[in-house]
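Chain naming follows the written order as A, B, C and D, and within any one chain the residues start at number 1.
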Amino acid sequence: MRKNLLSSIIAQLILLVFVIIWIIPTFGLFVSSFRDKDLLAVSGWWTSLTTTQVNEIHRTLNKDAQIQENNIYMIKANIFDIDKGKKITSFGITSKNINQFLIEEKATLKDGSELTVSENGEYIWKSQIPFKNKKGKRIFITASSPPNFTLENYKEVLFKEGVGQAFLNTLTVAIPSTIIPLIICSFFAYALSWMRFFGRDTLLAVIIASLVVPLQMSLIPLLSIYNDIGALFNVSSKSYPGVWMAHTGFGLASTTFLLRNFIKSLPHEMIEAARVDGATHYDIFTKIILPLSIPAFASIFILQFLWVWNDLLVGLVFLDQVPSEIIITAKLRELLGSRGENWEILTTGAFVSMTVPLAIFFLLQKYFIRGLVAGSVKG
Amino acid sequence: MSKTTKLALAFLVSVLFFNANVNAEAYSGPDLSGQKVTISGPWLAPEDGYIREIAAIFEKATGATVEYGGSDSFEQQIVIDIKAGSPPDLAIFPQPGLAANMAAIGGLVPLSDDVKNEVLNNYAAGQSWVDLATYPDQNGNDQFYAIFYKVNVKSLVWYSPDNFEDNGYEVPTTMEDLIALTEQMASEGNTPWCIGLGSGDATGWPATDWMEDIMLRTHDPSVYDMWVSNEMPFNDPKVLEAMDFFGSFALNDKYVNGGSKAVATTDFRDSPNGLFSSPAECMMHRQASFIPAFFPEGLEAGVDYDFFYFPAYSTKDLGKPVLGGGTLFAATNDNQATMEFVKFLLHSEPNEHWMAKGGFLTPHKGADLSKYSSDTFRKLGEILTGATTFRFDGSDLMPGAIGAGSFWTGMVDYTNGKSAKDVADAIQASWDAIK
Amino acid sequence: MTIFSLVLYVLAGILVCILYYHISNFLLDFFAKKDSKDSSIRAVIFIAPAFIVLVIFILYPVFETIRLSFFDKFDREFVGINNYIWAVNDPEFRRCILNNLGWLLIVPTLSTFFGLVIANLADRIWWGTIAKSIIFMPMAISFVGAGVIWKFVYDYRGPGDQQIGFLNAIIVSFGLDPQAWITIPIWNNLFLMAIMIWIQTGLAMIIFSAALRGVPKEMLEAARIDGAGELKIFTSIIIPYLQQTILVIWTIITIVVLKIFDIIVAMTNGQWQTEVLANLMFDWMFRGGGDSGRGSVFAIVIMVAVIPIMVLNIYRHKQEQKI
Amino acid sequence: MKDRSKEDEVADININTVNKYFGDVHVIKDISLDVKSQSFTVLVGPSGCGKSTMLRMIAGLEDINSGTISIDGQVVNDLPPKERNIAMVFQSYALYPHMTVFDNMAFGLKLEKRSKDEINERVQEAARILQIEDYLQRKPKQLSGGQRQRVAIGRAITRKPKVFLFDEPLSNLDAALRVQMRVELAKLHDELNATMIYVTHDQTEAMTLADDIVVLDEGIVSQKGSPMKLYNTPSNLFVGGFIGSPKMNFIKSTIISKNNDSTEVNLFESSKLTVPKISDISSEGDQVQIGIRPEHLLVNQEGDASWESKVFVVEKLGSGTFLYLEKEGEPLVVEAAGDSNIKVGDTVKIGFNASRCHIFDNSDQAFQ
């Protein structure tokens, strides 16, 4: 049994290594999504779990804020706008030496005025003569920042105008874009498996070939067709039914391929028995195949849903980028804006958009596995 | 294309620059209730907000509705939409080259002579703006297609006055001084430059601005024109020289924040942040007039940051060249509301509205200069008025496959260690391939 | 639009689809002569919607692309095979082919292999289900999201600066210089492939983990009695037994990889010699005004590249028909 | 329930020069066959002989390339299965796994839109006949193999078809159950009085169940007739070898001479044998095979011919003993008495009567 124990430990270790490697990137994203956006771009997410040292520049108030006490002119305030628990350890008054002074130490400026900074960010700047500076003096601080997590990013992403609507829009796109191909392809797959008609094998070959048609190259020809149809009926060429059909088209090959694998794996005698029992193909499909294919449907539902939910390109091309139609991925891109690389929106947004597919995956996981097995294990 | 390039005429900025013809009238337009204008463009936050505010003025005045959709892959998307025949009503092109291509496939609607005349009359150096927006249509006939709205000046170096003061640096006025200052900074342990070429689909373009500015400072403007039109091949020694000059900054690990490896991986929107970090990660950042929009929040122009003119050599008799660029509005559908919106943009009100928001320059003579958000923008005038040569962004005038393709990627390859010769050869090869 | 109208919209869309089948089949049952054979009209009813979609969304664009590849960039002049000649001589194209080959060799192989190993390990460890969920999680993340996640891994800051990229943080903690991972030619391809492997392993693992349950216990027991170690059992019993499954997974991942596009756009946009065919196609088709002729050539290369995989699968299908 | 008259529940089946190709493979070659109403006909043959295809063509599950099949005088070539008034029981039972036993049996009736009461009544009756009343609410998964088989048969019974088709229904059962079900099927046939066509590769099933056996070989009918007729007078070598267990022994031989009512052949190298059977087409010197069943070889007894052989293997079955021997290169199986004490290595005397043996000519046809 010794050998067994050893091999079990080795197995656990190997698996642990895989799990750690696999989860680190996502975990990093998760932690990052709760971090202060200023910190995101300057320190690694792993540092957020500990107290970290930060360097910041703040500016004192200018001459307008000075008060006079006993012939001494003073500017007093706190350099932090909001208290986030940062503790200043040292400070400086020039960019050449940013931690020249410890807290409460008196820094003497060129003009003879004196500046002290406390741990909590309060500073006093004293001078014998009135302050004349129009702009405040820069104070460079080195502070220790405690682990600081915030829901700000989520608030920003979730409650920003239009995100809720975009979520609904995406569901409006995703649900029919998942179910319609499932319906159409299941009939198709059934016909390919159990009906005899001219050109069946050729059609199957075409389906397999279609698996690789790159989506990008279809965009222009398709959009032209859409425009022609739109012009014909005098309706907008970009609409929800249009995007449903587009997703149906792009998902057709893989959905049919997987469903056919499954439906073909059902025992043929059962289908013949039903035919002898007097069932038409439609009866067989609805009363026998459909109930038995639920696991396969579940797994293909998940795959197609994942694809549609995470899609950006089709949504961009086949829907107008207006609030009533914009999808969540496009909305997140819009939120990202051009203001730097907004890591906080990226991280949070990625996490928010992940939740729905993950929830669906965990809900349907049981069926998912069963469905895939039948479809692929049996050659 | 070559025709357009030739139209990249010099126009003196004294003309571009403001005259005091104040036109304070509010815009009023015809009743367009029930009509809709859709606009798509590359602007995302915060600029999308400004264009929407401007659209709101139009909506209020005419009763039409305006919808703006921004996308960071606008340049691909507009091609898809136009080719498929479902474009928006108006497209905001970030560069004339793409607009010219779209005109060539019949994707744009020519603007009326009224509009053309208004540009001629109301824009400083109106003829130049008209020429830059005149392209052959699908039948090869030249047509006027677009109006420039929101222009920028590129030959600027941004810095933190406080940092300069702390270190005792002086703003350089000649290229020699700038090079000396760069060396001095490096020798004192400071990093002189922040350079970032990252820009998603358009990664590499900031380096093309460097190249163009350098070309204007090392050679005669006519050489620049020949280079842009490819009458002088891209792998000409003069171009290689300019590239190596850029390399003397960008490829020197001591001169650039993060070392040369960081140049191409840093996003252009992130890179100026080094000016404002503690301690300062770099001292200077060469970028166009729009860049303050990407500075950290809460910074104040003239206090926390300032800029100086990217100087010319005192020893070369090339004067003070200035490089500029701009975005253009082109109509992609012909309808009343769309054409009215184009006219509306030529009114002073929308110009003044954005002037007040910052990050915006206009050649519109009717706009009230006092509406500019800060002295900083007024100061741009000094640079412009002091300029002896003005050139439009060359990469924007090159064919899309070069100016928005191999030139960008070539510069990325260059910062990644490929030799100037190899890079230039490859760019020239791609140019030959589309001829 | 309100939630209510969206719900209505969705329901209407799905209902139309269902009603089509129901009503057409009902009509067929009603009108078709009682004694005729379950007629071929029904086959048409079953196939028609999918077939129409297939023609419009796949076949038509394919033929359009083939046509475009023989025309100039504005789709005006017939240029024969000039676009193809140009492509063959284009160094970028050749690099893409090499990169694609690298992707095709490495990603499906490693994803399949890791998937198999993980499935095999996870099935006999009590926390295996949790492990499997974690490994599968990347499947649920969009490519854009994956791009963000991996930027936090590969991010580069200059030496001396604080690293926010995980990989560089590790390197630096060992006292080495940080690397700009995604800019190192050739190697950067591997770093991008790692992302794809990270995503696809989950799919492979899920399928394998299900397939493993089909391995007859008697066979494993027989092997143990014969004195085979766990490793030996894995290599000489489990792998050969799952041959068919391995082929299926390998095919699925290969097809995904052949179309690889989003990750590269998100991470490098094809710079630093990481370009692949789909990127090249997209760039030529849409960038800077677009050249539909040359773009189409690359699309066709991608489609041609799949022929061997298709033949393999059709051959497999034929075999399966025989049994 | 309507009183069933025999005319409308039983049927003649006429198969007329039917051909079937799978691609290039000609699987059914010009088969013509009549199945009498109310008979229990077994199609038997080795795998690949076309027996299942034949059955499936009758059921309407396979198209017919040429020829006609008629049930009760009506040509059904182009009728779908449901309109042929047949029911079929499959080898794998082919139950619907997601339905209860009741629903499985009621499926066909529901499709015919029968009333609830009628469905209930018919299912209950079938369940009673098959003694599966207790399982009606279970799913197939919860049943044993034998029970599933009953459900499959029950599903056929409820529909009251004119013709029952069985496609190797017992081959998935273990030996004991198979015997039991065999008996029950025979009883069922008596009870229902319906026409039944039964496909099997097991000649024991064929012998025990059939009124008529049709032996199929490579797409043609080898011989048709009652079980005993096939046993006693196989019309060719194939049928001779196929019917009977253990297999008939075959000994190579040549014709020495022939006359009007018998033929003289040589037996092994040294002896001769006169068999009271003749063939018109054979002549002296032709190669033939002598066929003799193991149960017709006599141990330690004299017959029309006899010789001595050494025993290699002894199989004791209790009721009998099989001896495996060899003579001049020809392997032979002999059935001896159950209490025989012959051991391996013993030399025994073997003999047989000429009337018990069959002669097959060089085209494998039997002498009459």
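The rule is short, and it goes like this: contacts are C-beta pairs under 8 Å (C-beta built on N, C-alpha and C of every residue); 3 or more make two chains touch, one makes a residue touch a chain.
Quantities reported herein were computed from a predicted structural model and do not represent experimental measurements.
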A-D against A-C, pair bridged by the larger set of C-beta contacts: A-C
So the chain most remote from chain C by C-alpha centre is D
Interchain centroid distance [CA atoms averaged], chain A/chain D, Å: 67
When the centre of a chain is set as the mean of its C-alpha atoms, what distance in Å lies between chain A and chain C? 20
Could you give the separation in Å between the centres of chain A and chain B, each centre being the mean of its C-alpha atoms? 32
Round to the nearest whole Å and give the separation of the Cα centres of chain B and chain C. 39
Considering chain A alone, which of its residues make contact with at least two other chains? 41-42, 220-222, 275, 333
Among all residues of chain B, which ones touch two or more of the remaining chains? 77, 80, 83
Got the chain C residues that touch at least 2 other chains? 38, 282, 285, 292
Listed in rising order, the residues of chain B that touch chain A in the complex are 38, 40, 43-48, 67, 69-73, 77, 80-81, 83-86, 162-163, 166-167, 267, 269-270, 273, 276-280, 293-294, 303-304
Per the touch rule above, chain B residues touching chain C in the complex are 75-77, 79-80, 83, 97-98, 100-102, 104-105, 138, 200-201, 203-204, 257-259, 261-262, 264-265, 281, 399-405, 409, 412-413, 416, 426, 429, 433-434
Under the stated contact criterion, what part of chain C meets chain A in this complex? 1, 3, 6, 9-10, 13-14, 17-18, 21, 25, 28-29, 38, 40, 42-43, 46-47, 49-51, 53-54, 56-62, 64-65, 114, 117-118, 121-122, 124-125, 128, 131, 133-145, 148-150, 152-153, 162-166, 169, 198, 201, 206-207, 209-211, 213-214, 229-230, 244-245, 248-249, 255, 258-259, 261, 278, 281-282, 285, 292, 295-296, 299, 302-303, 305-307, 309-310, 313-314, 316-317, 319-320
Tell me, which parts of chain A touch chain B in their complex? 41-42, 55-57, 59, 94-96, 98, 135, 138, 140-141, 219-224, 226-227, 230, 237-238, 316-317, 320-322, 326, 330, 333-341
Can you name the residues of chain D that touch chain A in the complex? 56, 59-61, 80-82, 86-88, 90-98, 107-108, 111-112, 152, 155, 159, 165
